[in-house]
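Please find the structures below.
Note that subunit A is present in both complexes that follow, paired respectively with subunit B and with subunit C.
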Partner chain A sequence: MSPVTTVNRESELLTESVFEQFQGRHPDLPPWLLQQKRQSWMEYRSLPLPNRKMESWRFSNVRGLGVGPFGLANAINGRSRAALAARSQDPGSYAGRLVFGNDDLLENSPLSRELTEKGVIFEPLQTAFSKHSGILEEFYMAQKSDLGSEKFAALHTALNRNGTLLYVPENVEIRLPLVSRHWAISENAAVFPHTLVIARDRARVVFVDVYSSSEASSRQFACAVSTLYAGAGAEVEYHHVQNWSERSLSFNTLTAIAHRDSRIRAFGMNLGSKFSRNEGHSIIEGPGCNAELYSLSLSHLDQEMDQRTRQTHRAPHARSNLLFKNALLDSSKTIFSGLIKVDKSAQQTDAYQTNRNLLLSPKAEANSLPGLEILANDVKCSHGATTGQLDENQLFYFLARGIGKRAAQQLLVFGFFEEVLEKIDNPELAEYHRRLVHEKFRNS
Partner chain B sequence: MRSLEVENLTVSVEGKTILNNLSLNLPKGEVHAIMGPNGSGKSTLAKALAGHEHYTVSSGAVLMDGENLLDLEVDQRARAGLFMAFQYPVEIPGVSIANFIRAALKARQGEEDSFDALAYYRRLYAEMDRLGIDRKFTGRSVNEGFSGGEKKRCEILQMAMLEPKYCVLDETDSGLDIDALKIVAAGVNHMRGEDRGILVITHYQRLLNHIVPDYVHVIVDGRIVKSGDKSLAVEVEERGYDWIKEEMAAGV
Partner chain C sequence: MKNENAIDIDREKGNFHYDTTYEFDAGIGLNERVVNYIADVKEEDDWVRAFRLKALDIFKGKPLPTHWATKDLENIHFDKFRYYLSKGQQPSRTWDEVPDDVKETFERLGIPEQERAFLAGVEAQFDSEAAYSRMKEDLAKDGVIFVGSTEGLKRHPEIFRKFFAKVIPVADNKFSALNSAVFSGGSFIYVPPGVKVKQPLQAYFRINAESFGQFERTLIIADEGAEVTYMEGCTAPKFETTTLHSAVVELVALKGAKIQYITVQNWSSNVFNLVTKRARAEEEAEVKWIDCNIGSRLTMKYPGVILKGRRARGEVLSIALAGDGQHQDTGAKMIHAADETTSNIIAKSISVGEGRSTYRGQVHIPRRLRGCRNNTECDALLINANSRTDTYPAITVRGNHNSVQHEASVSKVSAEQIFYLMQRGMSEGEAMSLAVNGFVNDLVKQFPMEYSVELKRLIDLEMEGSVG
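Coming up: the complex of A and B.
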């Protein structure tokens, strides 16, 4: 197969020269990785761009996903490094933190000696690829994406070069969160953040990914992948903040794999990007586990947030829950499409999927496509979608008390989001999410 | 200057004239009551004063302490000191009473002013205690699942917390049992004072035994057709409105 020659150059997001440039810049990649990247680049080039006729892209505004002026970002200078590191103080206390700018490592606040001695690995991928190649060869991009963004997952594999590896050995418990902070900096920069969390049996960990742009007015392309593995009896809590600039185009794929008796909880906060595509997949691999996916989105102006989820049950006696709440202002748009997929062997599954939308403007549009595919016969599954709105009587009531429209919307959004926020045990993290919502309102 | 002056107000809804050259002067320090048959335009007056967009003012003026109220948006009127207790309070799911009232108070502050949360709760609890509202209600969504009486108390709670200059209470007594009526009336009386004018819309003399008005106005077909002291309310209670309509027809 020689896909390179068959692709229409005009319709591609990133052109052939980008990969050549990438290889030129990173001549020292381990051979296994380089091999994987070459293959992925070819895959990226051969896969078609999304179009609306594809089931997994229904309702999505796929125009604009094709042609892009984006390219590999250049290294950033020392002054902006320091400035960005200083702006990376949120979300609060941490056990370790990595700060990236355009995929370069800007700051490394390593783990305590105690944790290192217990065998915890918290390492930027740029060094982990060779230092911990055993782990990475086994786990890195091992989970195939199949919720629609296969093309972008391939692109990610080809061009990703940094991010975080967190490996927590058996029985190790880390109380404070581990943080990875990704900044996109220059105009038209393409960034590829990656997070890989491996919690071995009975390990406990909280991980926070924060994505944002250094300047609100700039435009970037971000294509991120995060994967969580919870070993038997492990507990993984994951927070994901998507706050790229509102001119940006972003993709984000989260896969959470739960083994016997483990618990995974993922919290997403979607605020940024002009167009964002979020894919979330929880996979139940062993009995007795519990996987929960939560997401809050606040969209305004003409932002579009496209969310596709799947809850796969491959083992019996397990539970999964999903609650995606979208608050829409102005003429923004959201799409939620979710599927609960229960294999024949996954008897006594409890699986729930809920999408709630709050329309705060008559011009906003929320689409909801919940779905079930159940092959086992002894299961409890439910899915549902609701859409509420601020009706004019309610608005008048707020106004008659002197509360302006934006403030009324803000109150409603906080009330709406609380159902998810109150599930976050760490008060500092819950407060961080609230602060982000406040800031978005302040700037809107 | 120290009054809410309604001058020749004509208001229509969906092209239909409801208030017809209505005039009323409510000075600070006084309580006025408005009575009138169903559909005579009492709520229309309240909503037009508050600025509801469905109610179109085609002529007339409303001056609040000399300021032209009709030039202001709904929320501006409220912040300027006008308060309307709704005949049918609206449910706001997901927004707690405490957060709702706090937002209303904050909207009256400058951006930079600090908000003393401790003092706020102290006051809120004191007012709730006075109105016999369980303190647990602070965490409940505004009006959601409240009984009719609870909704009305919650309106008065908001009025007490916001300390408006002029209050329009639209049938705040309806739906209250006799004990609740006394408590609510006491709450309103507590707010009577030199710096506040209160307009009480009601069907029942019963309320006016507890909130004794300085004046009583009778509204028929969108116009104030008779004004008097508190004895007018007693008369209306006993005789209904027909005799007033007959007087009007006879041109008395």
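Coming up: the complex of A and C.
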């Protein structure tokens, strides 16, 4: 591997040569995977770039998507490796952790023997593709994206080569979180992080994905996909921290599939990227499920955070609840577009969707498209969206006590976010999220 | 035949120049010849003709909005419609020819004998024109202009042209372009400054007086401090084959004016009802759309208010009832364009059988504005297991001290409610009717009395047989 961190500036992601280059670098991919990648690359090339006419891109600033000098990232040198591994401690204690830089494995803190003996698999994808091909052939990119980023999902499938496979067998409970830490390094690098969590029946697990750039001033292209499977009675808690550099362009697709009586809780924290597109699809496959989907976003300067969600209820007697809270500073922009889709067969569904936007600047812009498509009649569904400013009286209270406007705003934003943060059971993780918000305020 | 009498009387009034009955059939299909034909028949000025022809070009160039709207739009065969049909071409019908179930409906709705005849397409022009003329005399004293759009164009071009196609530009959407090309009928109303029209003006009669009004064009201007209420009666069931109704309605409320526009739409279930309705509200003006959709195969209608002046207020109250095979795609648009503007949207929909009701809304508060408020509530009631409802609001908020809240809920009539009522001797159908009427009651109360009574009865009718 090359000791020098460079990025091939000649190649653009839209050119044919990128995929050839990718195949040249990774000659040892299993045939089934190579086949899938070839197909996806063709799909990527044939699908159109998002445009404003597409309903799934409404309000989005689609200019500049998919173009740019981004190219496949090269390997990074040994010194950076150690430095980045040292900077990867933040989420706190863990049961296992993988650290990636430009999709290369930098550090592997494996599971305890006890967990391995129970049959838990926690493996970087680069080795899992051959070692656990049975699982991957069944689950890897098995869910088609259809919330608008089909083109970028295809690109991910074509160029993804690493990430995390977590497989938890029946009845196994893992108390501490499993962490996958992705770094993007060097200017114009394109990275494709992947996470696949499979919790078999009655398994319990907490997984944390953290995405960030090694340098705040660099620009990258990140296209991440995460998929969660919760078997019957399983409990999956998932945290997703998007903190790429603020010049970056990022896509993130999360799919959560809940089988009978399972419980899924997802927490998203959006802080980074110049433009970020988050798509979250929760699919209720079995009765008795409970899916809770939370997200906090803090945007500043000219950041644009585009969030699209869907709650698909295919089975009766299930519940889903979504709460997305956005705080907007400066001339930043957020888009929340959500849809609750209740199939005919999904009677006795309870589904809720709430989007709350807090405008902290007269130039900020919040867009909200909370949608419902209900095909069953015996359901309780509601959505609510509000957009407003900080309460003047509360602000006055602070000012009267000598607390400046900026500090008061911050405190009120923490209060606004706390509704979500207090739902996190693991205090270390909750504290981690709070720290991230603090840091963002300090830098803004 | 009675129908011929009606035409005779029309001819006497000189509103139309019927030479032969067939001369007013523009034929099937849509092209420049048809548009020129309409302009010829109406003896329109050159600028109107040019306007129509340009609109036709725009219509042809625009795709159907199926990237967000229902694919059912693809079932509209624009080449198979007649775009201009004189009264003489209407199916001549006597009361005896009206099907029994329709007669029964009329009787149960309590529609007066005279109107029943009109609704069935008999003597419509005669009766309505008479009623319309009387109203015109009263209003004329106050300087109120209330005429058909064709007449408005001819006699009051100075006012008409100033406001025409300004609120809804030709290229606003495919159907506004279509309307602009072939419009005919509709009302032109001008209320002078400070005049408060006490009686609601009714379009019930007028639209039908001038052909079918399938592409009617209405323009209402309330000058400073004026007030007017307009009621549109598409309460008339129509009995033709699949047809298209595509109206454009523009309201202009100048400083301090108030306009209330009430629609009760009950087309037969083979009508595509694709209507563009929008108002402009200047400083401290108030526009209120009360929109009730019960009929049609597919309705797409989102009455809007552009809140152009400080402290302007817009309101949309909407009720939709979608039965088997119906899709009520309705909603509202509130475009805030001045400080301290407020808007309120309350939408209630009921889906029965395989009916589908959709709420689609837009609330826009741009940068630089202060103190704007919007409240949106949409509630959907699903009656049967295969009923469907969708909600697609779009809310954009920027600026300072603006606040928006949106709430929607979906529910069904609870088994407890039905049980309670049945236990007291009601049939299941009656109980369901009562519960549904209760669901929309707070909105129905805002309708003029005769409409709210009618609406209640229509709901009773629709609910019958929906359960059990």
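The criterion applied here is as follows: the second predicted complex is superposed on the first by the 420 of 444 C-alpha atoms of A that agree within 3 Å, B and C clash if a C-alpha of one lies under 4 Å from a C-alpha of the other, contacts with A are read in each partner's own complex, and residues count from 1 in each chain.
Everything that follows uses one rule, which is that a residue touches a chain if its C-beta (ideal position, glycine included) is under 8 Å from a C-beta of that chain, and two chains touch if they have at least 3 such contacts.
Please read all numbers here as calculations on a predicted model, not as lab measurements.
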{"item": "Contacts of A:Q347 with subunit B and subunit C, given as first, second, both or neither", "value": "second"}
{"item": "Partner chain in contact with A:S332 - subunit B first, subunit C second, else both or neither", "value": "neither"}
{"item": "Touched partner set for A:Y397, first subunit B, second subunit C, both or neither", "value": "first"}
{"item": "First, second, both or neither for A:P370, with subunit B first and subunit C second", "value": "second"}
{"item": "First, second, both or neither for A:S282, with subunit B first and subunit C second", "value": "neither"}
{"item": "Contact breadth on subunit A, by residue count: subunit C or subunit B", "value": "C"}
{"item": "Touching partner for A:N357 - first (subunit B), second (subunit C), both, neither", "value": "second"}
{"item": "Subunit A residues contacted in one complex by subunit B, in the other by subunit C", "value": "388"}
{"item": "Interfacial residue positions of subunit A with respect to subunit C in the complex", "value": "53-55, 58-59, 344, 347, 357, 359, 362-389"}
{"item": "Subunit B residues touching subunit A - in the complex, by the definition given at the top", "value": "50-53, 73-75, 78-79, 84, 86, 89-96, 99-100, 103-104, 106-108, 141, 158, 162"}
{"item": "Interfacial residue positions of subunit C with respect to subunit A in the complex", "value": "67-68, 351, 367-368, 380, 382-412"}
{"item": "Partner subunit B, residues of subunit A touching it in the complex", "value": "388, 393-394, 396-405, 407-408, 411-412, 414-416, 418"}
